[in-house]
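Each structure below is given as structure tokens.
Same chain, two partners: subunit A is paired with subunit B first, then with subunit C.
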Partner chain A sequence: MDALLDVRNLRVELPGSQGTVHAVRGLDFQVKRGEMLCLVGESGCGKSMTSLALMGLLPRAAVRSADRLEFDGVDLRGLSPRQMQDLRGNRMAMIFQEPMTSLNPAYTVGNQLCEALRRHRPATRAQARDRAVYLLERAGVPHAPERLRQYPHQLSGGLRQRVMIAMALMCEPSLIIADEPTTALDVTIQAQILRLIRELQTEFGTAVVFITHDLGVVARIADRVAVMYAGEIVETAPVGQLYAQPSHPYTQGLLSCIPVRGRTPPGSRLAAIPGVVPSLVDGIDGCAFRNRCAQARAACAQTPPQVACGTGHIVRCVAVSRALRETRESTV
Partner chain B sequence: MTVQISAASASTSAGLAALPNESAWRRRWRRFAGGRGLRLGALLLAVIALAALLAPWLAPHDPYAQDVAHRLIPPVWSSKGSWLHVLGTDKLGRDYLSRLLYGARVSLGIGLAAGAIAGVIGTTMGVLAGYFGGRVDAVISYVITTRLAMPVILVALAMSALIGGSVRVVILLLGLLLWDRFAVVSRSATQQFRHADFVSAARALGGSDAYILLREILPNLSSALTVVMTLEVAHAILLEATLSFLGLGVQPPTPSWGLMVAEGKAYMFFQPWIIMIPGIALAVLVLAINLLGDGLRDAAAPEGRG
Partner chain C sequence: MTEAQDVVLELRSVSRHYPLKRGLFREPGLIKAVDDVSLRLYRGETLGLVGESGCGKSTLARMLLGLLAPTSGSVLLDGRKVDAQSRLALARRIQPIFQDPYSSLNPRKTVAQIVGLPLYLHGVGAPAERRKTVAAMLELVGLPPRMHDRYPGQLSGGQRQRVAIARALILRPSIVVCDEPTSALDVSVQAQILNLLLDLKAEMGLTYLFISHDLGVVEHLVDRVAVMRQGRIVELESRERLFAAPAHPYTRMLLASALTPEPGLGIPDITKEITA
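Take a look at the complex of A and B:
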């Protein structure tokens, strides 16, 4: 298996005055070359902390640990800050949520794009500029050569996000982490940007970890999906499998919350998962979802097992594991 | 205001293709020349700076040459004045216009040099404190607080009394005393930018701390620091005049505007122009610098671009 990114038991802990927040609690996942993995989950489930942990950009106080953290065969845990710096923007890039503030207002677009390349490559100004124009055009920015001379405030949000995408691609990274890149955009632009990311991803063969809370977005672009809840992945599956056969009660709950035209009667209350997300301070024993789960049982207080229920479909749930065992026994 | 509005509407109506016709420098210049206060300030300052630079060629007489026979000649506009000494002569018969021109060199030179020293010290401290926070911030904030607790004029007086006044001493003293505002402003502005998304983005693109400080954050402080710089230059010029007036700054016979006021104070009731001329020159210079600073802030603010 050709895994570009291999993560085993990734943990992020944030010490605080109220106790340590266990923001990411033992994440296992892999990203193959050229694959689009979507990390889905609600706010505060540790999606962004995961992306920052991968990039080595966690806040100073945060503690990262992992049994394995390999990017393209390189163990990220052993890299010095200097080596990590050489990797960032070069081999792995990031696209941020807020295009309005992710560009430096003091420089022109061209300046920032060229800088992104010249920091890692011995390119001349002209070469950098040519690549910037090429990528801006590929990212669907009209009048690219003229745009280079403009300042960020002269661009709309959609254009800025296109610039950010072009900037992430400057050094041809093999992995891009996109942290909710379309959340701040309005819906029509969002669709364009999603299509663009998908296109560029196929064209350049870049692997993408796409972080979002929007299951609609996931359905459009993902190859594989990892559903996160309270700092852990509760279900991983190829995208078709996840929507056809959601197995974890949390995933089922999430999908049933999406109103469907024709099936959800107008004026009816939208479905919701009862209860609230548990506090991540001082960690959680057992299944984090059990206090909101209709299928909860005594066994949920133990750490739930990881069950494979299909190719590449892994669920972390006692109920699913029981159900599987019963069907297996009945067929034997 | 009207200029900006019409320019903006022109570019929208002309459409996208017409957007970048104007070069960045041209646009910068148009903004620069925009404000009225800015233009007046820049003009006044340019005149004074030119006078200071060209003093050896402009001055009609040697500013140090005494001629006691022709002492206290009033300026040309008074009935007893003459064109030989346009601004008259002082108590030792030295040509007042020449001394005023050479004095501009002292005032501007001390102001700019002290401002530059203070700017480097204060900005470095403020940016480091704001960026790294924690212990670095605690130490630097303590130093800033200590400095703010010291009355500038008293410390400057005491030190120059100890060391002895000279142009170099005054520059160093003021440079080492006037960095507080640079530090406070750059610290708080850096704190604001430290968590800005474009800083995280720069880090995600592989920027080091030094790169982020110098290339990402510092340019965004430029407008605020420009304003502080003008304030502090004006402040330094006034303090130099004060020190010289009290006899602890620039020493005679070097012409300094503050010293000229001091030398004229004995004649205040009989020959008021002797203190009025350097006094007015000082006021105009400080006004010009402040006008320039205000205008520059409006012109250079990145958020106000376009």
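Take a look at the complex of A and C:
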């Protein structure tokens, strides 16, 4: 497999006054060239920490470790901060949730877009400006040449996010990490921005790691999905497979929580997942979901096995592994 | 739901305008946050109010609660003008639940104190009786006794929203204005809170005004839907009809942009949807 990004046993630990928070607990995943991988999970599941760990942007106190962390053949673990800077914004770029906090309010849009290119490429001002105008137009920003002179606060939220997308594309990166890029936007704008990300991704052949909590967005945009819970990936599958046959009890629970037109009778009780997410301080033994799981059993106190239950469909669950073994034995 | 035609809350061409700052070279102008809105809320129904940010839905909610006076028009509660009634009398009839329980709960009071405060302010019952009422209400919203002495900072988002709901219902109001009550919550917790709101409505015979931008949630919960855009209500229809055959182009656009968890449908092209 031609993996652009290869991650094995990624861990992020944040030492705190009340003990160490194990925010990311052993992630394994790959991203192929030109692929859209969605990391989906609820708040505190470690999805944002994962993205920051990949970009080398973790808080200073955080400790990152991994058995493998390869991007396009480069081992990210051995890179100096300086070498990471040469990579960020160049071959890997990031789009954040709130563009107002990641755009510099003191510089014009044009200034920031051109800097993104000239930091990494030997381009003249005029070349950088031409590329900025081209990408703003591609990102659906009207009156692109005039926008270059504007400051971020003069733009609406949707336009700002379009500028961020154009900026991420300035150096034609092979990987973009998008962390909840449409969560702060209204639904009509969200649909437009998602469409734009998908179109540009196809056009430029960029791989995207798309981080979100919204299963509606995931269904429409992903090629492959990794469901995260308490710092772990509990299920990975191609998008169609995940929604047709969710196998981990957490994934099943999440999907049945959302009212869907035509499927959920209005006013009926929704299947809620009881309880709350466990604390990640001092780590967790065994399956992190077992205290909320209807299928929990004694064996769940041990580290759950990884079970392949279809092409590219991997589940971390004792119950699934048992059920699969039983069906296999009965067919033999 | 409209068969009884029992109007509990009525808006009669209510507007709320804000003057724009005048500058040397700027024309004096007005922002019409809410512009000539007439709306009736019937006893026992759930009316959904949907629209995008800045459309005036929260301004409308604040006027219903008597927290903001309309520039023109009137808000009638049981046929009486809201601004003519005292805040206390109003609070017994209509209560809010806001989006962010973090900012609407006093961090220095315990759960039991927060929920009991309205009873104290309204002089309802003796202290021992109040404690009983509070305990019963907390049980109703699903907060076990061990939570009673905790502070908001020690609770999860869902638990905090349960506290906010208990406080809103402790005076047994008949109308609850829910302003994006689950928008700050994770989906698994959102389902718990939506179930709770449905249960409480059945149990206490409540009338809800449910403000949300999430059309899936609105469709699940409400009887009628009002669609708001730029301060005006552009469409008001029963749930079945609005979702089956939206009449206004803006409603059609909103419905088209809602992303249901169905893979294979792709991302809707909004610009095409409007012209279609």
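In this text, the second predicted complex is superposed on the first by the 330 of 332 C-alpha atoms of A that agree within 3 Å, B and C clash if a C-alpha of one lies under 4 Å from a C-alpha of the other, contacts with A are read in each partner's own complex, and residues count from 1 in each chain.
The working rule: a contact is a pair of C-beta atoms (placed from the backbone, for glycine too) under 8 Å apart; a residue touches a chain by one contact, two chains touch by 3 or more.
Just so it is clear, the model here is predicted, and its values are computed rather than measured.
Undergrad: Between subunit B (first) and subunit C (second), which, if any, makes contact with A:M228: first, second, both or neither?
TA: After superposing on A, A:M228 lies clear of both subunit B and subunit C.
Undergrad: Comparing subunit C with subunit B, which touches more residues belonging to subunit A?
TA: In the superposed model, C touches more residues of subunit A.
Undergrad: Name the contact category of A:R198: first (subunit B only), second (subunit C only), both, or neither.
TA: Only subunit C; A:R198 stays clear of subunit B.
Undergrad: What is the contact status of A:L103 with respect to subunit B (first) and subunit C (second): first, second, both, or neither?
TA: Touch status of A:L103: first partner only.
Undergrad: Check whether A:Q85 is in contact with subunit B, with subunit C, with both or with neither, and answer first, second, both or neither.
TA: first
Undergrad: After lining up the shared chain so the two structures overlap, which partner does A:V187 touch, if you call subunit B first and subunit C second: first, second, both or neither?
TA: second
Undergrad: Look at A:P142 in the shared chain and tell me whether it touches subunit B only, subunit C only, both, or neither; answer first, second, both or neither.
TA: Only subunit B; A:P142 stays clear of subunit C.
Undergrad: Quick check on the superposed pair: does A:M94 touch subunit B, subunit C, both, or neither? Answer first, second, both or neither.
TA: The first partner, subunit B, only.
Undergrad: Please give the residue numbers of subunit C that touch subunit A in the complex, ascending.
TA: 52-53, 156-159, 186-192, 194-195, 198, 213, 215-217, 219-221, 239, 243, 253-254, 256-271
Undergrad: What does subunit B use to touch subunit A in their complex?
TA: 16-17, 19-20, 23-24, 196-198, 200-208, 211, 215-216, 219-220, 222, 302-303, 305-306
Undergrad: Hey, which residues of subunit A end up touching subunit C in the complex?
TA: Those residues of subunit A that touch subunit C are 42-43, 186-188, 190-192, 194-195, 198, 213-222, 239-240, 242-243, 253-255, 257-261, 264, 266-274, 276.
Undergrad: Name, in rising order, each residue of subunit A that touches subunit B in their complex.
TA: Within the complex, subunit A touches subunit B at residues 55, 57, 85-90, 93-94, 96-98, 101-108, 115-116, 119-120, 142-143, 146, 149-151, 153-154, 164, 167.
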